Amino acid sequence: MPTKGIQLDANGKLLHFLSIEGLNQQILTEILDTAESFTSVTDRTIKKVPILRGKTVANLFFEASTRTRSTFELAAQRLSADILSLDMSTSATAKGETMLDTIRNLEAMQIDMFIIRHQDSGSAHFFAQHVRPGVSVLNAGDGQHEHPTQAMLDMYTIRHYKQDFTNLRVAIVGDIMHSRVARSQIHALNLLNTAEIRVIAPSTLLPVDTESLGVQVYDNLEQGLLDIDVVIMLRLQKERMRGALLPSEKEYFNLFGLTQERLRRAKPDAIVMHPGPANRGVEIESSVMDGNQSVILQQVSFGISVRMAVMSMIVGQSGLQAKA
Amino acid sequence: MPTKGIQLDANGKLLHFLSIEGLNQQILTEILDTAESFTSVTDRTIKKVPILRGKTVANLFFEASTRTRSTFELAAQRLSADILSLDMSTSATAKGETMLDTIRNLEAMQIDMFIIRHQDSGSAHFFAQHVRPGVSVLNAGDGQHEHPTQAMLDMYTIRHYKQDFTNLRVAIVGDIMHSRVARSQIHALNLLNTAEIRVIAPSTLLPVDTESLGVQVYDNLEQGLLDIDVVIMLRLQKERMRGALLPSEKEYFNLFGLTQERLRRAKPDAIVMHPGPANRGVEIESSVMDGNQSVILQQVSFGISVRMAVMSMIVGQSGLQAKA
Amino acid sequence: MPTKGIQLDANGKLLHFLSIEGLNQQILTEILDTAESFTSVTDRTIKKVPILRGKTVANLFFEASTRTRSTFELAAQRLSADILSLDMSTSATAKGETMLDTIRNLEAMQIDMFIIRHQDSGSAHFFAQHVRPGVSVLNAGDGQHEHPTQAMLDMYTIRHYKQDFTNLRVAIVGDIMHSRVARSQIHALNLLNTAEIRVIAPSTLLPVDTESLGVQVYDNLEQGLLDIDVVIMLRLQKERMRGALLPSEKEYFNLFGLTQERLRRAKPDAIVMHPGPANRGVEIESSVMDGNQSVILQQVSFGISVRMAVMSMIVGQSGLQAKA
């Protein structure tokens, strides 16, 4: 996938936000800093800034996702954008129009920014390659490829609680192979110079090239959690059970479920994260999810600030104006 | 259901709006007075006031209802709120997330007010008990429990046409047993010191404890309508016919349908109300519905002002600013 | 259908926009001129004017159409209206309420303008006849009757590229019989004094009274295209194939598909239009659709300006304010 070049212009300014792969440390840090300035906005009584006033943001969700769609919509509202939500299941694309015709038509409606979620890996890039200059594309999850805003809200959460990445050990636990979230997180953690990245998974849920991504691989949760600062649990897609990849939910929990007991192997101040929605009792014990090391709900809040940051950087206005 | 205490703070200010039960005459009157100040807003050319500017109102409709959702949405728009509509049938709750996790996640999105309609009695209270301070819940109908904004728009309509409740005879006709609307109306009429409240229904559609609610019970429509000032017809849920509770639609109309002839038993200036949508020829004759005693469409209009009133009182701003 | 009188008031001002039939040249020209003033608005960085601020526009789509709904919604947003989108498939009408009750109820919500698309011919007129003074109805397509905003955006496109209608030859190609778009286009082209209007179709897809509409009929595409200035292709509804009206898609393309070779029979500077979504390889060859005579995407852009023009003329404010 030709990711490089398309996301940043010659001066390093963000044009699209499609994948963490192809970005650099500087732009990731700028996103986190800008998001920080928006966190104060979302805490205010009047949670609005005029950065996207008169701009139109279109939600193109080919795959349903109430949570992700809602946080993007809230971010756009708080930047004062007009929002168009398109139900792509009943649209012209569903009537047999090609994706390229759909893009051309939406673009002709003078939409400024597209938020796209699609079941096919690479679809956000395809969109971005075909829109005209000045129109931007944000990837809200494409197949098993990337989910870059989720990764950035995770980075924001880690930085919020742990400040510096260069002395952190971070573990990602679960279905690495099918997870666009994990793929984006690994790229982001690497770009931010994380000291050690571990992936912990059954061997059937590891991509073949995992170690080439710059991570340590563990197939034993107890061992993988030792001295860890940050534990990121992935959602287990229950449909994987139907294939040959996984035993029962109960057996999965026995081997890879995060329990309070297992969490004690991590550092005492380790934080626990999850992109949601979580399967209690499958990948994570309820008491861990609700425990005082869990920052899962804070992730959701930070997600709005991070999406505001990416959108405002794309239209060329930093979050500094948010303070005015 | 522990309704008391949760809706009002120590100073009697409205925090949530979940049920008429648990409120008092003073707050009901304040809602009606505030709604009156908003009626002028909705008649203006520019129907907007900035009371909820920068606030986010989320519609959580687990049960479909175009009309109720629309009037809440219009009320929120006219108060300048940002609105998030969540399709709860495709949401994480549908994916197996618990209701409590759904609440926690929505709350983490910094939503200020939830409008919830749910098929389970008590669900709005459950929500309100679990959101953090500063977040409010409005019940748009929960199971067979209450539908308090409907009752308040009915009270507004009665006061608009009849001024004083203390000398009024009000009849509620139809399926009392399954009606959250009737339950809310009875509580409200009692709190406002209505002289006489009658419920008129087939005995199969009366709850066992009806008389303990402070009402007179009639199983004969002609007798029940005698000298009545206000007739409130309930919608007949046709699915009741499938059970053993009711005979055919035709027989129901013969016994409990409101005809012009029967309406003559009420006072000459009696008004006819219905929460809609009405089944013409089942619970009400077309000529009555369209006749000059019917105030059914006025109820819809008043419904927007009443919902604006409740929302603005909850955020702590009275409708007096609406006049500015 | 009694169209005359209902759309214009005594002074010729636009009250509703239901059909091109019943309008006059002056009002059509005013729409095109007003739309021109809005084209600059949609090209601005901040694409908003306050013409509909505080007004509520309701979308009533009984028939799904992502594209048409979106362009109406964008037009309303850019005029600063509040927008209510009603899913009519789950509404009270679906529960058995009559259309008239639905109208009365929506009207009671103090909605200022209805955009209605419905599978029944005449439904927009029915709506307009029954709303109270001051409430407006815009037809977004009713059965096989009319689709007047589509026709006006087509007229806008033609005028944009060809200036004067009085010396133009325009061909409409395809399923004339079932096309509300074609019907509206023919009325509009006639009112604007187009020199020659041709319809080109298989005889099974021609209404019996076609020639009475003031058009030349051709059943041969090559002959019909000779010396043409504007070619308007219609979308082929594939469900027509199931009936006896049409042979296969391939055979249709062989006889009536617009190819580059056939297009050479038209004038060298002829433009090619299509209301979308197009079936590539059925009614139009891909290379024609993407070729430099195609103005299909420009039609989409102009559609927003035209809809803004109609809405603003109805509320009584011309596009001149848009320039302020």
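Each chain carries a letter (A, B and C) given by its place in the written order, and its residues are counted from 1.
By definition in this document, a residue touches a chain if its C-beta (ideal position, glycine included) is under 8 Å from a C-beta of that chain, and two chains touch if they have at least 3 such contacts.
If you're wondering where the values come from, they're calculated on a predicted model, not measured in any experiment.
Taking the definition of touch as given, a chain qualifies here only if it contacts chain A and chain B alike; those chains are C. Relative orientation of chain A with respect to chain C corresponds to a rotation of 120°, obtained by superposing CA atoms and rounded to a multiple of 5. Under half of the residue numbers at the chain B-chain C interface are used by both copies of the sequence. Centres computed as Cα averages put chain B at a distance of 41 Å from chain C. Multi-chain contact residues of chain C (touching two or more other chains) are absent.
Contacts from chain A toward chain B in the complex involve residues 42-48, 64, 66-67, 70-71, 73-74, 77-78, 276-280, 297-301, 304. Residues of chain B that touch chain A in their complex: 53-56, 82, 84, 86-88, 90-92, 95-98, 101, 104-105, 107-111.
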